[in-house]
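What follows is a set of structures for review.
You will see subunit A twice below: alongside subunit B first, and alongside subunit C after that.
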Partner chain A sequence: MVLSPVFSESWAEVYAFFALGGFILGWVAQRGNYCFVNAMTSIFTTRSFERFGALLILFGLSALGCGLLVAFGVIPAVDQYYFNYFAGWYILVGSFIFGFGAALAGGCNLSMLYRAASGYVQNWIELFGMMIGTYVFAVGIWPFQQYTMEKGIFSTTMGGYVEYLPYDIFHSVSPMAIYITTLMLGLPLVLLGIYLQQYTKKKWLANLRIAPQGLPISMTISPQGQVLGEEKTKTSWKKEVKDLLLLKKPYGTNLATVLLALDIILVYIAGAGYTFNYLVITSSDGGRFFEYILMLFGVNLFTNTPWFNDSLPIVDPSTLMVIMLCVGAFTASFLSGDFKIRIPREKKRLLIGFLGGMLVGIGVRVALGCNVGLMWTNFAQLGYDGIIFLFGMLGGIYLAVKVQERL
Partner chain B sequence: MSEELKTKNPDVVIDVRGESCPVPEMEASKKLKKMKAGEVLEVLTDHQPAVDVTLPSLAKNLGYPFTVIKDGDTYKVRILKVK
Partner chain C sequence: MLESRYLRRLLAPLILSFFAIGWYKFSEGTLANANQIVLNTANFAVYVQQTQYDGYLTATRYICYVVVYVGLALFWYNLVKIVEAKERNG
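Right, the complex of A and B next:
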């Protein structure tokens, strides 16, 4: 089966769509402070499910959007399952390592990149650690992992339709099988996400019931006691929209969720038939930047180093997407006045950031993808690898929260 | 309660300037667990999302009053542990 183009676009247009997709991703993630790790740590630190609920809504909307496009024949089914990865022990182990490292370092693959572009030195260090981690994986783990994948040891031996939920459930990739699977996967995720958000908000209201209505829940003041801003129980929606457009206020979690879901659908439609038509990026390109840097010094990892010798060409749409993600995040942070070079006061945080980054690099490569390119994307692909990744990542983050409490 | 948060000297101060989420929330949560009722925690941060989202979320979930003091580029988020 070959991928089928949806539109007859030139490669220049495909690259332009991917660049736009990356820019939107960086811009929205920066304005919405979207961090998968943070959404999960708050479950274990404060039993808050507001941002985790948003994450489930994101996965559900992505599955619904991409799945329905296929079910109604806009995009061929092969475009949805063609790039499904192998599934096996490595997704669970890798996502666990990734979650642990990302929570220690201070960011998932998405937040690491957009924050690095917003001036956070901690995330530069994390990115560098990730590059080293990718190399450690390539020479120390990949040969063994590849062996288990080839032999089917706790692993499937092929991806594609074998890991496509409509095929797994109905032994069919017919429009009806895809339609039913899309609803079965997408709707519960959205409903569960909304329920978790409502549950958390009710908890907040119960905690704040002693505060008289209309009064600020909290206020921002100057050291002299002047009130600079208030968080009120109700804000005019016109002022809200104006503040969002003028970049005076960050996007709310749910607005960012909807925009990000629309972004993955845009890239899915535009890239159908041409390339890996999802937001696949961030981890492999992040690791491959190490390869590109070494090239400047005459060291070519692709000639004799495992994993690197099997990687994609240096210039491809996903590399462009990563770069444009950083451009989008930088533009948003600069225009909103948020850009600033920030160095952690505690120097041990830099070391923790580096070690966490290394674990992030190892984890994403062991899992064959990161929270964007594997987890989020796989929900949109109607696969099950994303579900495995989600549980592994939650486990790693739980351990990191416990370790952090003792540091 | 708001006056108390503005005027009372903090009992515990953590400086997470330069750090991004989830670190401010995790560090604040860790400190609050060890503090006694009636004590004030002050979190120094320059990470806007921690001021807008994560630290208020932490305080609201625990039912603790909080206030934010903007001092130049730094925010001081004060949280009163009440139970």
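Right, the complex of A and C next:
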């Protein structure tokens, strides 16, 4: 089967759209301080579901946006399932290793890149560790994993529509099947996310009431006070927008969530018929940049090294996307005055960052993708690999939190 | 002697511009050469078709122009601001 492009852009335009998508991704993630690992870690450390709720909203909005585009015939269904990966033991194991390593290193694939571009040295070390981890995976694990995938040992052997939820539930890829599946997957995620955020806010408010007294009640209930309050809200809302545009204030979690969901939909539309599953892959490029560095010294991994010689094209749209992600994050941090070379005071953080980065590199390759390229993207693809990844990652992060408590 | 925050404001846009130029040159030279080696060894899993590769180079070139212009604009803007501040403060 050959994918036919929905819009007849040239390759240069496809790359440009992916570059723009990467720039937006880096910019928004930097301004919103968006990190999948922090969102999950806060569940186990501070019992806060605010950022995790935002993640679920992100997955739900992405599924709704991309699913409805397919259900209403704007984009053919084949674009949504064509590049779906095989599912198997490796997604659960890989996501667990990834979650553990990322929590130790202090950043998921997305936050590692935008923080590295904002001057965090620990994330530079994590990125380097990830490159080494990818190489370790390529020579030590990939041949075995490939064997299990080919033989179907705890693995599906087809990918594609077999992993497509509308097909799995209704044995059909008709618009109605896709429409119902989109709503079944997307709406509960959004509602659950909102509920978790409200739950956390209520808990915070309850804690505030227990805290020492604030303003007298009389100041908040007088009618004049209410009118004044409304005017103040209007002015503060305008000021808020101005501050956001002038980069004086970071983006709120939910604003960043909506912008990121719009970003994935933009790239989905631009990449339809070309490379949907290359959407926002940030993990392959850990290996790719290692390969690029070695190329400068005359070493070509693509000639004889497993995985590098059968799974990694020299370039694809994700290459420019990751480069522009870093450019976007750097620009946002520089213009907002956040950019600074930050070396951790405790030097052991660098070692932990490197080891964590290695585990991240191994984990994402074993799982066949990272929290962005596999988990987030797969929710938008109406697949189920993202759900497996989510639980594996939560497990890995939980273990890392427990280990760090004892260190 | 320039303070480190001034240096940061001046150097960062220049590094960004040089990075963009370096990336384009690397893509045009080293990566294109690697793609040719892949074609010669008939490894089509890794090979990127010429039309696609040309598209990548075209997009990279235009991005390079934009990033270099923005980087230089930021550099000059910051330089003027720093000189103004230095003059004001003696």
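A few comments on the model shown:
Simple rule for what comes next: the second predicted complex is superposed on the first by the 377 of 407 C-alpha atoms of A that agree within 3 Å, B and C clash if a C-alpha of one lies under 4 Å from a C-alpha of the other, contacts with A are read in each partner's own complex, and residues count from 1 in each chain.
Keep in mind that, in the parts below, a residue touches a chain if its C-beta (ideal position, glycine included) is under 8 Å from a C-beta of that chain, and two chains touch if they have at least 3 such contacts.
Nothing here was measured: the structure is a model prediction, and the numbers come from that model.
When the two structures are aligned on the shared chain, A:Tyr15 is found in touch with subunit C, with no touch to subunit B. By the touch criterion defined above, A:Pro250 lies against subunit B but remains apart from subunit C after alignment on the C-alpha atoms of chain A.
In the superposed model, A:Met324 makes contact with subunit C only, not with subunit B. Here subunit B and subunit C are compared by how many residues of subunit A each touches, and B touches more.
Legend: residue contacts after superposition of the two complexes on their common chain; A:Arg342 is shown touching subunit B, with no touch to subunit C.
Of the two partner chains, subunit C is the only one that A:Asn309 touches; subunit B does not reach it. By the touch criterion stated above, A:Ile178 is placed in contact with neither subunit B nor subunit C. In the superposition on chain A, A:Leu110 contacts neither subunit B nor subunit C. In the superposition on chain A, A:Thr45 makes contact with subunit B only, while subunit C stays out of contact range.
With the contact threshold set out at the top, residues 340 of subunit A are in contact with subunit B in one structure and with subunit C in the other. Interface residues of subunit C facing subunit A in the complex, by the touch rule stated above, are 8, 12-13, 16, 20, 23, 26-27, 30-31, 34-35, 37-38, 41, 43, 45-48, 51-56, 58-60, 62-63, 67, 70, 74.
Within the complex formed with subunit A, the residues of subunit B that make contact are 2, 6, 15-23, 25-27, 29-30, 33, 46-49, 51-54, 56-63, 65-71, 73, 75. Interface residues of subunit A facing subunit C in the complex, by the touch rule stated above, are 10-16, 19, 292, 295-296, 300, 302-303, 308-316, 319-320, 323-324, 327, 330-331, 334, 339-341.
By the touch criterion given at the top, residues 33, 35, 37-38, 41-42, 45-48, 50-51, 103, 106-107, 111, 115, 120-123, 200, 203-204, 206-208, 217-223, 225, 228, 231, 250, 253, 338, 340, 342-346, 349, 401, 404-405 of subunit A touch subunit B in their complex.
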